[in-house]
Amino acid sequence: MQKIRLGMVGGGQGAFIGEVHRIASRIDNRFDLVAGALSSDPTRAAESAVELGISTDRSYANFADMAIAESAREDGIQAVSIVTPNHLHFPVAKVFLEAGIHVICDKPLTSTLEEAVQLTQLSKRKNVHFAVTYNYSAYPMVRQAREMIAAGRLGSIRVIQIEYAQDWLATDLEANGQKQAAWRTDPAKAGAGGSIGDIGTHAFHLSEFISGLRCDSLLADLESFVGKRRLDDNAHILIRYDTGAKGMLWASQVATGKENGLKISIYGAKAGLSWTQENPNYLSFTAISQATQILSRGGPNIGGMASAASRIPAGHPEGFLEGFATLYSDIADLILGKVSIENSLVPTVEDGLRGMQFVDAAVKSNKADSSWVKLVAE
Amino acid sequence: MQKIRLGMVGGGQGAFIGEVHRIASRIDNRFDLVAGALSSDPTRAAESAVELGISTDRSYANFADMAIAESAREDGIQAVSIVTPNHLHFPVAKVFLEAGIHVICDKPLTSTLEEAVQLTQLSKRKNVHFAVTYNYSAYPMVRQAREMIAAGRLGSIRVIQIEYAQDWLATDLEANGQKQAAWRTDPAKAGAGGSIGDIGTHAFHLSEFISGLRCDSLLADLESFVGKRRLDDNAHILIRYDTGAKGMLWASQVATGKENGLKISIYGAKAGLSWTQENPNYLSFTAISQATQILSRGGPNIGGMASAASRIPAGHPEGFLEGFATLYSDIADLILGKVSIENSLVPTVEDGLRGMQFVDAAVKSNKADSSWVKLVAE
Amino acid sequence: MQKIRLGMVGGGQGAFIGEVHRIASRIDNRFDLVAGALSSDPTRAAESAVELGISTDRSYANFADMAIAESAREDGIQAVSIVTPNHLHFPVAKVFLEAGIHVICDKPLTSTLEEAVQLTQLSKRKNVHFAVTYNYSAYPMVRQAREMIAAGRLGSIRVIQIEYAQDWLATDLEANGQKQAAWRTDPAKAGAGGSIGDIGTHAFHLSEFISGLRCDSLLADLESFVGKRRLDDNAHILIRYDTGAKGMLWASQVATGKENGLKISIYGAKAGLSWTQENPNYLSFTAISQATQILSRGGPNIGGMASAASRIPAGHPEGFLEGFATLYSDIADLILGKVSIENSLVPTVEDGLRGMQFVDAAVKSNKADSSWVKLVAE
Amino acid sequence: MQKIRLGMVGGGQGAFIGEVHRIASRIDNRFDLVAGALSSDPTRAAESAVELGISTDRSYANFADMAIAESAREDGIQAVSIVTPNHLHFPVAKVFLEAGIHVICDKPLTSTLEEAVQLTQLSKRKNVHFAVTYNYSAYPMVRQAREMIAAGRLGSIRVIQIEYAQDWLATDLEANGQKQAAWRTDPAKAGAGGSIGDIGTHAFHLSEFISGLRCDSLLADLESFVGKRRLDDNAHILIRYDTGAKGMLWASQVATGKENGLKISIYGAKAGLSWTQENPNYLSFTAISQATQILSRGGPNIGGMASAASRIPAGHPEGFLEGFATLYSDIADLILGKVSIENSLVPTVEDGLRGMQFVDAAVKSNKADSSWVKLVAE
């Protein structure tokens, strides 16, 4: 099968998410990583490239050079993965879009709503795909939940409870120079959202992806509990969906004891379901007046969406990296035209834009004493 | 040991909570049920009394007669358990208080805030105890959590997440004449709160009981999802505590798949903990940079409060009825003067009043487009 | 309803299982404890009686006097609970049987197989009931499992895996004079079985009670891991059932981290199920090619046996004491003739005898280098 | 970093374990799959090769040709993965060993003990590595358990309980021509062991790998429950370890409701631990008189072995494929000489031989009415 020629911006030695993207791109053997601007530090960039088997002439000192050079090559990259801190998503994505190269961008889409709007518009003008790696949507049992809801198994949805709780920022890590903490708590690099941007956007996307509903408005109470932290590390949000359903969303990075506690429960008139990221191969489902069922990835009564996103039999747990890999494979299918954008489950730049609208609305509501704010300003 | 002579109002055949109170009063052998006005239906009242071994002359047709007759007997009841629908709590409690008889009242305290204020004042004037059966506070591991927090094990508390989710009102049971559903969804009998009154008050009390914090203000988004239901069956509430801690409280009776899903998690600067009612013998505790510990009722490292509330060794599960029984034993200790009110963990009429303030504030906030409302009007 | 007049032998201050029996007898209000020979220490016996509200003249210095005196009273006890160490079960039960008083005896039935045979024969000659408190069989979801299997829901049974693991004897407690440990590790008081007698008999009974199968033969590897302990503290046993099903039984009191880990899983040609005592309100059930279902006490699809053994709604956990109380209520029904012995689920002296045959066969097999031994010698 | 040139025998379209090996080899980017004899069916072999990007001239019609051709090439494969049914392991491994090519062989090592002995001897004579993919030993928390035990955290080990239960052979799949079932239940292809060979060997290896103990002797009761199946589908085994520890091992492929239920618990004089494959990122650990701790992959108090086998932070679950990938990376380290065989955790041909001794001893014991059999005949 034809493999996609992939480049990467960011993700040099010591980074976390870059390596995740690389493993994800390899698992299903659909990509070749052939070019990179892996670090703003030239030495680290070069060393990282060697380590990854990228040839010296395709290891670039900066992303703008890379976009120009690669788009000029006959064997240039077809897609670029952007795995930098948030504030660089916009300038990097912009030059690659303009060079006609497909973009795979980590979340949140940008550091400001205005940039997100611009990228969305630019992306529409160019004939390229723009994927945002809301990777949790690619877990098989998440897709199973989406498929069951779309099939009406829950009846009309009433309540959506979602939480994404971590504890790694429960202490003042950024004061001790921890790199991941430093940029994530710096408004100049992360944008206006702390926990709401970093993890809240994942939760927000998931709630819409699974339920098929759209957030109409929200209210937020944001807090910064640790030291002199300038961005929220805890977000309490109420949501009203377009159909009248209601939800709670809790994002926190100070919830001591929570590692990566993403959990969603959806309750409808006919049934309810619940999924938790830390034990992701199972989906709990309860129809009214029936015993709770534990649906298992690869097991009985699993639909097409989950099966397509699954590699190995039930009881052999797939994890975070396989979910991420499914997203990459879906992107490969998009790029190769095997699946149309309408039929693809890959989160798009519009989904990225909604994430930025979510952050923007939450910040506005918080400033307005937690009053209700429309997600999309009218 | 001297046993307390107990009467009961409500709780005739077919009732749920009356039988719970009776079992609770028997488990530790501290009470004798000797009088009752068990039903407003005289036949059912009489039959119920016979079944319970109450002598005919102490089975009363109405509670007012009972209060008068029992207070006149030398061997009259020392305490009365009130297990009627909410709207009767006030008139019943009033006559027994005035008769100088200790009151054990189910929650919520009353059906209006005004009644709650009156009962509180009356109770202060009389030299009697007034216990409100927020029974979840008597689970051993709930008390363990309280004791650990009081001892500073969590450091300053940042976030309190509490949910109490059921599904028994996910369909329009009251339209089919189900008795428990009928009065709980009738404002004339239940008061202004549906799920917030019936189960939200439990959750609210628990959050303050365990954390030691006091709710300063809240905002609420209440909804009635089923049929023409007149009271909320789902409540989304944000809370600000007096110390700056913040919380979410979710109460729902339409959460399909949830049976009696009361769960509380508290996160502090030094550690976090979590407890769930449906598996109540364990408490999850995580200190920063330490592995999560599963504390077990009766097991290692358990403090005095939990031990005192426990009957059998670790691994032999105690349940809902034992927790309720502990409350009754604590009330016996109060009545017998074995423990002072300051040292008692029994929820009082003031706790009942706070519950009614909680309901009142939630209803007000909901009417005011979810704006913040002080728990105690200034 | 008529209450049964109950006496007790053993169970004075400081004992564990006596208090369990007393609470169990009170929960459903079917018994009055009116007489006792609560301790071989006369002071403790008297003090315990006072504490329990037993009148002075019915607190006996020894059980033989009690049997004589009570059988002579018009209002004498109808049943006696025997909660002594194992070696006293036989002499105590014998005198009460001979006095025509129903016997409720803790497990194992006796300290030798020969005594068990005698009690069984004596019990048949007398017109009295003899219940052995294999209390785990009275948990609602255990009975649900039995009912489902009896109804053919599992098809023919192939494999039964049962374990009962504790850790309280992982250290040499008896060397430090701990009373419970001292007699349980003393062959003169406990009999030939250590862990196999104390907890293995529970597991063995449960496997037959739930499955409806009968053990044909077994092989055993017994071990005493701690200090100079003279009785087994770990038992590894293979079982062959009469129908060709096969099983493993593990009993251990040195399994560090296990509190009271009784768990049984049964696998048939059509389905499998699993139950664990430490979270007893649920039963996991999986039919071939179907998702696993979590059946919940009080919840959907629960049969008559479990419902009859349950007091409160789903989600309100019942525990060890309620299970024990169900056994007491079932015994009351037997004594009052409300249920016939054929329709009763109460474990009988024959079940007690099988337990002793189990211990005997395990000891024999162990001595014979783990060879297969028939449960009932032919 | 230098990548290992890898070949594969077996694993053509429709196979399960071949694809697992390929993904495992890609995840850490340490191998290039460049040659294969992927199927005994030439069309399928060729098509599979194309799909995998293997060039036509290195897709071989049979493994013997492949061994000769590849060993003759300067850029020939350095290692071969053998992913055929059991009976081909021996002839395939033999030719590659003789060609001086490192061997990565799936378990069980061979279909007879005699073959296993021969491979072990041959392997010693040649200067090549021979890895057996007991992949469960590469899960991070399995290695954590091993490291903790080696460090004395459990004290002297007393009891090892291990089970590996599946349900996929609960019906007569082989009668319906299901390919995986057909060869696994055919003595000519699988060898003398059914479930004991297919999954029992995994369990057996794991028990020795984690505990550091060696099985001295065992007894077995094997059964074939389904249809006319000729090999065991359920194995009940007792084990005695060299130090006096004792264990139970249960392997079953008819345990309805079990997907891939591999679980091990080890109890020592100072502490106990438990790990379950279906939720593999956690390890439960309980020291005497301490609360149970839940150790989390990537979390606090994790040692070097687990950390080295881990890619992403705590709370981001790694699964079966990552464990398998760790084994491949460890093999790469061996081949490249980065780690010595003494310091490597890769299971060797000797471990494979022990697995075959285990199968052999179990079959012998079963035939001898479950008598004790030495693992290694003396």
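Per-chain numbering from 1; labels A, B, C and D assigned in written order.
Throughout what follows, a contact is a pair of C-beta atoms (placed from the backbone, for glycine too) under 8 Å apart; a residue touches a chain by one contact, two chains touch by 3 or more.
Quick caveat: nothing in here was measured; it's all calculated off a predicted structure.
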* Furthest chain, CA centroid comparison against subunit D -> B
* Asked: CA centre of subunit C versus CA centre of subunit D: separation in Å?
  -> 42
* Quick one: report the Å distance separating subunit B from subunit C, using the average Cα coordinate of each chain. => 35
* **Interchain centroid distance [CA atoms averaged], subunit A/subunit C, Å** => 55
* Asked: Touching two or more other chains, which residues of subunit D qualify?
  -> 258, 285, 292, 296, 299
* Using the contact definition from the top, classify how the chains connect: line, ring, star, complete or other. => complete
* Structure fact -> Given the complex, residues on subunit D that touch subunit C span 154, 158-159, 161, 163, 167, 170-171, 219, 221, 223, 225, 234, 236, 238, 240, 246-248, 250, 252, 254-258, 265, 267-274, 284-288, 292, 369-372
* Asked: Hey, which residues of subunit D end up touching subunit B in the complex?
  -> 285, 289-296, 299-301
* To do: Provide the residue numbers of subunit C that touch subunit B in the complex, in ascending order.
  => 1, 3, 16, 19-20, 22-23, 26-29, 51-53, 166, 168, 258-261, 277-281, 296, 298-299, 311-322
